[in-house]
Amino acid sequence: MAIIGQLFVNGLIAGSIYALVASGFSLIYATNRFLHLAHGTTVAVGAYLLFALFSVLGIPFFVSALVAIILTGLFGLLMNRAIYSPLRKRKASNIVLLIASLALLSLTENIIMLIAGPGVKSIGWLPTKTGIHIGGAIITPLQIAIIVISVVLMILLYLFMKKTKLGRDMRAVADNKELASIAGINPIRISDYSFMIGSAIAGVAGILIGLEQNLFPTMGVMLIIKGFTGAVIGGMTSVPGAVVGSYIVGVIENLGILWLPSGYKDAIAFALLFVFILWKPTGLFGFNKGVKDA
Amino acid sequence: MLIKNVFKRFGGVKALQGCSLEIEKGKITALIGPNGSGKSTLFNAISALITKDRGKIELEGEDISRMVGYKIAKKGISRTFQEVRLFKHLTIRDHLQIAISDDESLIKSFLVFDGISDKRIQEVLDRVHLDKPLGTFVTDLSYGQRKLLDLAIAIAKPHTLLMLDEPVAGVNPRLRKVIKEVLVRLSKEGETLLIIEHDMNFVMDLADVVYVLDEGRVIAHGKPKTIQKNKKVLDAYLGE
Amino acid sequence: MLENYIIHIAILICIYTIFSVSYNVALGYTGLITLAHVALYGIGAYTSALLTRAGYPFISGILLAGVVAAIFGFFLVYTTRKLKGDYLAMATLGFAFVAYSIEINWTGLTRGALGLPGIVKPALFGFRIGSNVEMLLFVFIVAVISIAIMWRIVRSGFGRLMEATRDDETGVEVLGKNAFAIKAKAMMISAFFAGIAGSLFAHYISYIDPGTFYLTEIILLLTIVIVGGAASMRGSIIGAVLVVVVGDVLRLFDLPSVLIGPSRHIIYAVLLLCVLLYRPRGILGRVDLI
């Protein structure tokens, strides 16, 4: 029984990270309607920026973290401005945009590898602390912090989308781009903001991962697959749906270890992705109907 | 050909509400009605591009209601679309090769070089008076020429029934006359035609039988002369 | 030294030519959106490597590599037949990830991340290929035969149907042709030759691991086909030559090997992005990517 508790807790921790990845991804998808797979390496960019600022240059941690988040947001904006906007101006198909995002993913990954080297890095801000026992499961303070930070961030994002003008404009564009632009909302501005905000959230994810695990240049691929799977389960265009979907992915892949060897952890997420795309592309909550024609 | 009681709804919109008609062999049947009366929906239901909610469709005594689209086409239904539908990277020759040949075999086409001669393709083009080199890409054709090619494809494809969706929509008066002559000649040769037309005048001296559709129902049918005087028909058109 | 290097490059070009032309048959000629082609190539490589390691002759290995890849190609088209656009692309990418995770986790069969070493050089009719010159001759002949077959297919009546299906599936059905069957056959042909290319790669390099058939390889393949141009066989051949040479030219400089790998992938990605931005139809492409 204790093992189930532990796996569940592990699932929640993983799910929190995936939720941060998926919410940014889904925000970008909802307002731009194409798959920005390079969002995965945006997370890696955030983590490596923290490593460079804090571990290499020795800038105080919280300053480094803040700068890393801002720079990651700007990195997202740069990708949109330099690559996606010109392609969309040319009315490139979604497949072209998807291929461009794969190229960006590979490009960023390899630039990181070139600068930082292929080996693993660790931030080493917090010493590894012994965990706290909660109902048979062990959880470290950092892991609690990860869950709390991501939940708080999700609530803030939700409030931002509901209460602010920019958030409401974003939802309007997500809902109906033509109508929104008739109503005087500039879709290009919204697109830029969605990339900035989504990427900044990815930067937070990168920092949290960096504190808990080692960094390696190709870390983004796995993260985007998990985040994307979460988003698909949640219904792609719904940010709250993507968050719930991500926790489902985190918990299922960790509980799956009860029956399968631990090497299959990633395969479980892939299988979930494949099954959902084939049989339930509208996601669990039925958002984004008509995706088959998208 | 028999069409019995076809129903179709799109969400809350009842596009077809028990449509029934009978198409006689060797005759020109026209399907008229105001915009949104369900004419094109009926065509799509016949050729199984949309699944109907219920209803039965028979072609020469055989029930084709449950067949998939390409099988219905193989059974002998040729059709055109209101918006001309051509393969944008292919030439005139390619289009007619595909239309005339009913062969889809990979191995056979791998071993045997093309069976359909340019002479045969040229004959079809001559029938619709389309005078363009066979190697012309369809993107280089004018609207009227595309309309003619679309008609040629439907004629060239082996068929027993020819269904044309607004064959003269948007074409100039000269071409309109050409197309009308082509249709008259086809009918003389014994072809069975079902034509959708928005414009009543065009079909009045062309069709043998006219069906009038309104809000997904047949509100009148008969000879063009009698239809023209039918009050329900006039209301449907004037009330538009 | 330089001579050996040129032969090595020439062998890779032959293999990538088969691979990229086969991808173009699916993507460019038939309009099948698939990102799983590298997985099919990997399935071919593993099939052939495992069979020859188990003692079966090379000829059965390479042919079954094609057949098994074709079966998976059919499976892929069949399972995704109702999907379009983004979702189709992601389902096929998902297939590639599933194939990767099976290759890495089914250690009993594939030895997982350790990979399969010691894959024998091709042997035909009792003659085993020893030198790289012989290998080059062999892959060149296989490439010529493969491309001739695919060329004949795209120029045949069936090829015309493939292109029509790409342009308008419904239009094809209205003319009484089974569009699904056309797509399935085209995909199986494409997958068959991807499997053959995978087998040649495995038997030339003599070692494969799951990482060989992962994301970087997908980018490489996309770069070749998109630089060369969709629905152009000559384009894919030129693309393969260009991309392999450009990617490998770095080795002529005295760079440490840690830098060569990433630099090469950066070149591919930049090349791909530039073509997408400034010359979307590539060198000889006849159609836009769907």
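Just so it is clear, A, B and C label the chains in written order, and each chain counts residues from 1 on its own.
Throughout what follows, a contact is a pair of C-beta atoms (placed from the backbone, for glycine too) under 8 Å apart; a residue touches a chain by one contact, two chains touch by 3 or more.
None of the values given here were measured: they were computed from a predicted structure.
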Overall pattern in which the protein chains touch one another (line/ring/star/complete/other): line
Chain of greatest Cα-centre distance to chain B: A
Pair of chains joined by more contacts [C-beta pairs], B-C or A-C: A-C
Middle chain, criterion being Cα centroid separation: C
Centroid distance [mean C-alpha coordinates] between chain B and chain A, Å: 51
Distance between chain centroids, defined by C-alpha means - chain A, chain C (Å): 31
Whole-Å separation of chain centres (CA-atom averages), chain B against chain C: 43
For chain B, residues contacting two or more additional chains: none
Residues of chain C touching chain B in the complex: 152-153, 156-161, 163-164, 166-168, 170-179, 181-182, 185, 189, 231, 286-287
Interface residues, chain B side, partner chain C - complex: 47, 49, 68-71, 73-74, 79, 85-90, 94, 97-99, 101-106, 109-110, 113-115, 153, 157-158
Interfacial residue positions of chain A with respect to chain C in the complex: 34-35, 83, 86-87, 90, 92-96, 98-100, 102-107, 109-111, 113-114, 117-118, 221, 225, 228, 232, 261, 263-264, 266-267, 270-271, 273-274, 277-278, 281, 291-294
Contact set on chain C toward chain A in their complex: 33, 35, 79-80, 82-87, 89-91, 94-95, 97-98, 101-102, 104-105, 107, 112, 215-216, 218-219, 222-223, 226, 258-259, 261-263, 265-266, 268-270, 272-273, 276-277, 280, 288-290
